[in-house]
Amino acid sequence: MSKAAGENIGVGMVGHAFMGAVHSQAWRTVHRFFDVPYVPVLAALGGRDEVRAKAAAVRLGWAAVETDWRDLIAREDVGIVDICTPGDSHAEIAIAALAAGKHVLCEKPLANTVAEAEAMAEAARAASERGVRAMVAFNYRRVPALAHARRLVADGVLGEIRHVRAAYLQDWLSDAEAPMTWRLRKEFAGSGALGDLGAHIVDAAQFVTGEHITGVSALTQTFVRDRPEGEGRGEVTVDDCALFTARLSGGAVASFEATRYALGRKNAMRLEINGSRGSVAFDFESMNELSYFDGTDPGTESGFRRIVVTEPEHPYLSAWWPPGHGLGYEHTFTHEVADLLRAIGSGADPAPGFDDGLRVQRVLDAVSASAEDGSRWTPVPDTPVEGR
Amino acid sequence: MSKAAGENIGVGMVGHAFMGAVHSQAWRTVHRFFDVPYVPVLAALGGRDEVRAKAAAVRLGWAAVETDWRDLIAREDVGIVDICTPGDSHAEIAIAALAAGKHVLCEKPLANTVAEAEAMAEAARAASERGVRAMVAFNYRRVPALAHARRLVADGVLGEIRHVRAAYLQDWLSDAEAPMTWRLRKEFAGSGALGDLGAHIVDAAQFVTGEHITGVSALTQTFVRDRPEGEGRGEVTVDDCALFTARLSGGAVASFEATRYALGRKNAMRLEINGSRGSVAFDFESMNELSYFDGTDPGTESGFRRIVVTEPEHPYLSAWWPPGHGLGYEHTFTHEVADLLRAIGSGADPAPGFDDGLRVQRVLDAVSASAEDGSRWTPVPDTPVEGR
Amino acid sequence: MSKAAGENIGVGMVGHAFMGAVHSQAWRTVHRFFDVPYVPVLAALGGRDEVRAKAAAVRLGWAAVETDWRDLIAREDVGIVDICTPGDSHAEIAIAALAAGKHVLCEKPLANTVAEAEAMAEAARAASERGVRAMVAFNYRRVPALAHARRLVADGVLGEIRHVRAAYLQDWLSDAEAPMTWRLRKEFAGSGALGDLGAHIVDAAQFVTGEHITGVSALTQTFVRDRPEGEGRGEVTVDDCALFTARLSGGAVASFEATRYALGRKNAMRLEINGSRGSVAFDFESMNELSYFDGTDPGTESGFRRIVVTEPEHPYLSAWWPPGHGLGYEHTFTHEVADLLRAIGSGADPAPGFDDGLRVQRVLDAVSASAEDGSRWTPVPDTPVEGR
Amino acid sequence: MSKAAGENIGVGMVGHAFMGAVHSQAWRTVHRFFDVPYVPVLAALGGRDEVRAKAAAVRLGWAAVETDWRDLIAREDVGIVDICTPGDSHAEIAIAALAAGKHVLCEKPLANTVAEAEAMAEAARAASERGVRAMVAFNYRRVPALAHARRLVADGVLGEIRHVRAAYLQDWLSDAEAPMTWRLRKEFAGSGALGDLGAHIVDAAQFVTGEHITGVSALTQTFVRDRPEGEGRGEVTVDDCALFTARLSGGAVASFEATRYALGRKNAMRLEINGSRGSVAFDFESMNELSYFDGTDPGTESGFRRIVVTEPEHPYLSAWWPPGHGLGYEHTFTHEVADLLRAIGSGADPAPGFDDGLRVQRVLDAVSASAEDGSRWTPVPDTPVEGR
């Protein structure tokens, strides 16, 4: 049977801003390139403002609109609920959707608090027993270069991991007069650069190394305390940047930095890993490349290799174009929904699941706690749910 | 009116290999991101082998299949004919489609001979007078970095152009035992690296500089004369590489190289331009970047700037993602069909038109002639059609 | 008067290993390229093993040998004492030399303990009042690219400094079976990567920003606890790596990492600084380049500039070759002794002086203290000598 | 016996501008780092203007001055004559020096005409039979990265060579109002960018490949015809740039470009070689790096390796600093004189000899001839001296 001839599955998406647009492109596209067991149908789009939601539905290709997410979840033609809202609403929607027997794809960070994340992970575990799947949208795992780095580590090619160097650098707040947004309000976003950017590099570091962060020491900073909002000024109630050191379960030491003030760095999501036999380095600003150092090369011929990660044998690449014809940001989401559809089809839990999201949340929580307590070393509980 | 609410226009595409797949993605996607006056409908796919064509239609999203391109052209629901076949069939299909009043998008090189290209350009000119549009698919013009480079030159930022350094380097034939393909047969492909890769850099150099190549001196080489084919060996009847020097209408000198034997270079379509006031450099392997040297910077602070071409003010970028979230190869085709639809909507001829395709063909022809005649300097006629 | 016609000044150097060799080249070369008020004469070389010291003296160009550094200091023909020994002997030699009225150049780190460094700084202050000069050999300040970065910051071009990202990555201990050396023994080296590499990036960060580190949170790690030595194994008693976060006096936050286990990184001494108006980035592996982002460039033309720091207007460059003809590691030492000779000639204290060395030592001390106390935030005293 | 304890050999150098300064540094330094059989003594400096020559001698460290090069050659204390004058005087001085039994090091290009170069090569051959050595100063052969590239090719690591891509890009004439210099006068310089820069890349391409250029097709251009000189304007009588294609004796095709108008490129002496099994790429602006692609690496892990050419096993490197501590431009000359002294000591002809210089001259001559004759293909005689 051809790629596009699978059974249909209806998707209902809540939220239609940046994340909604890129998820829509993934749902529209995935079955054109990947052998997936279901063809996604863009059934319904959720948005509180009906006029804006309808316009978005036309533009993005959704068949219907719901102004209450509860109605969206309840629709018979919706089999997957895709949550693209700010973090403060994730728990309520996800738990309800899972309870209603709908598979869930939830944007990161999983939640704004550990308590919410725990409840979500609990709900996902219960749902899994009923064959209902839950995935958290750490899309950077689906960058082919990082997925390939994971393969190299898993194959032992890097040896024992000693160093992780992770940073996510943006600069859109460098201008102290850039306007307020919900992302700078603790009540909506939970945290600032930490949850938005830090969550990605924490997950990526744990994913690529296959290890867990066991403890952290952190500091955070808010450089600009208030910003233009409406006629006046709005208070910034989240961190502008977060820096922390960490230890990993396998003995490695790590440094992390998330900021929106690294002037000139547009989306520099970076990860370098040094092992006893090899190293890898990645920067999303050159997303189709992976730097790889093979410590077993002869000394005179060794050097970081600039691998153009576009060979058909590279992760996800056989679906796309010939070597050297690179992919873009949006493709990571297409890969993500392909993996989700396959997991649903095969009756397995997808990765990263809500437990992985919770694990990241625990790290972010430890970072905040350490930053508030003089950078004190703060262990991260190593079981997804304490006491279990 | 919203982006996706325009009038429908039916597309009929001939050919469903690599180019067909990427064109399909562009037709399916364009109206989701660009304000285009027409929403493309993937009406019919042309392919000689019905079984394979039908499978492709399902996978790529085409509503119907035609095994004879004449029937495809004749369909009432087809308003645009998209030609994705090898170069030997371009002229016949394009001329027939234009005669039938259908807009045409034709893959490059425009044709395998100057005579065919002239006939096509003639047909396009006649069609234009009837409001029918023709475009040749030099997609690299739609790489945002190159479109931005064109803006810089057009704005005079680079001053007087003195040097053009163009190369298109691939390596998929480096292995002497890689198998035969139609691309190595003169009767189908017209030429080898010259027409396939050289055509792109000739068009790109002329596009970015806004100048024409006035003469060339060339050499070509076939490194591997026969390759595995079926049980035996097939003869390679095209060039493996072409190198030429050139002069441009504005006084610049240029070097060009097209090869499939640059081991390690996967899709290095490169262009560097040095002017009296500034320089730009580009490599498709880092397609989201443009290097720019501003000769008016103070000497101690001057250096090639690595512009990450993802700002909303960069060409085509306002349709896509935030800064630093790069695009991929396929987006150049989405931009291409957006520009075609806009041209159709506004009643203007799109660029590059068949005259531009003919102009490239004349350069390739001069290259071949020079290579066959001891690299003798060979002028390129500067009018699209001689004698007019 | 010509460059090489200044008054002679005798130099006595203690130690003739790696640092001794590179200092010798600087002393032999400086007056050939810089207008210095004194021509250095390589008067005497100090080394405990007479045979080895004599061989070194012949090879490196020293006129005489002393096996006791006290005799070397006492020589009438020695006006400058250059200390190239391990850190445990710095204080004793330097203090004695200053007391004897000899100018001192001392390798970094200034000392192995804060107490020693305080005594040295005290001695240098007293000597200064008698016209005797003391300099600590943080040679990376004399990399033209970093000296130029300092200029940019001092001129306000970067605006308010928000981020410092410093790392010094080497890999020569990646192999767990690499042999023991004095650098891995606390009694000689004081610390491991921290004092050897960390000292450089602490000084460089403070130098380029013009700010002081006010507090740190740190972790250190020893990956390989014993190594081959003679017939058996020797215990490693220093850190293999040190990671710390920091705050600077002007409000910036910073991260530091020093390691000898970053496989593939040979001498990656890196510094990135993000300000409110501009950023700079440097990597010693490309020592003739400085990356500079000018936040006031138009958005569509902004990008990190790769400045090739070889223009005559760049720091130290007018002494050397035409643009693009780069310098090497050893030139930083030539610049260093040029600056020392000029300071002596002009009757001013050179920079960095022993107070700067002490300041670095205090930071290293705070790093060690924090690392031993659960990464607790540890302030760094902001006066060079507490209580003064 | 120690490095610096060899027998003395006197050097007499003619010319004391840029090349004289860098050669002086090499002569002063070589025995401090290399085991050479002779310690060079800077005996006498030749310069027509006595005042300027004396000042240069003091600054550069030469013991005496001669205003007539014939007197310099005749000195008993001169065993090596080092020619650092413009090309128009090379032949006369070199032939006289060889006739006088003095070893000769001659700056490139060997001469301004093929006839002169032939006479010089003839003289060198005759001298060789008497044990007198002659070397032409193609210093880029002594860049460790290029010397290592040569090793890789010679060891067969790259397989059959198919492509050479050579360029030497500078920009110091980009400003049309930059002043006249002797380098822009045919009577002194012979040619412009061709002889100055083109000579280097022709030699480097032949050196690294171990092949000869057998024919060329060329174009040259003078962008700015006159420049400020004194109170008026002086006519530029040489090429501003030269571009040519070529074939090599082993079947490779090549492109060459030499220009002083590549705005932003300071000293970009570049060489890329693609073979059937591997590729190398080099750019002097990053002189301590060699890019190497190993075609036998697995496809998913293959990529250009950025080799930091500073390991002790790399050519010339055991004499210098630890890995990652790079060299600069001047070190290529130190390597050059080390090789010359070793050749003299071992009684062998050094490479590159005058025959190599003649070979380059023949290529430059063919380039000029082709450029003047409509880029006609022009063979390069493959014997150093025709008819022999």
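Per-chain residue numbering starts at 1, and chain names A, B, C and D are given in the order in which the chains are listed.
Please note the rule applied: a contact is a pair of C-beta atoms (placed from the backbone, for glycine too) under 8 Å apart; a residue touches a chain by one contact, two chains touch by 3 or more.
To keep track of the chains, here are their UniProt names: A, B, C, D = Dehydrogenase.
Since the structure is predicted, the reported quantities are computational estimates derived from the model, not experimental observations.
Most remote chain with respect to chain A, judged by CA-atom centres, is D. Centres computed as Cα averages put chain C at a distance of 36 Å from chain D.
Here the spacing of chain A and chain D, counted between their Cα centres, is 54 Å. Distance between chain centres (mean CA atoms), chain A to chain C: 42 Å. Of all residues in chain B, those touching 2 or more other chains are 265, 289, 302-304, 308, listed in ascending order.
With chains as nodes and touching pairs as edges, the resulting graph is complete, every pair of chains being joined.
Of all residues in chain C, those touching chain A in their complex are 162-163, 165, 167, 171, 174, 176, 217-219, 221, 223, 241, 243-245, 247, 251, 253, 255, 257, 259, 261-265, 272, 274-279, 293, 295, 302-304, 370, 374-377. Across the interface of their complex, chain B is touched by residues 2-5, 18, 22, 24-25, 28-29, 32, 55, 58-61, 170, 172, 265-268, 284-288, 308, 310, 321-331 of chain A. By the touch criterion stated above, chain B contacts chain C in their complex at residues 148, 152, 289-292, 294, 297, 299-308, 311, 313-314.
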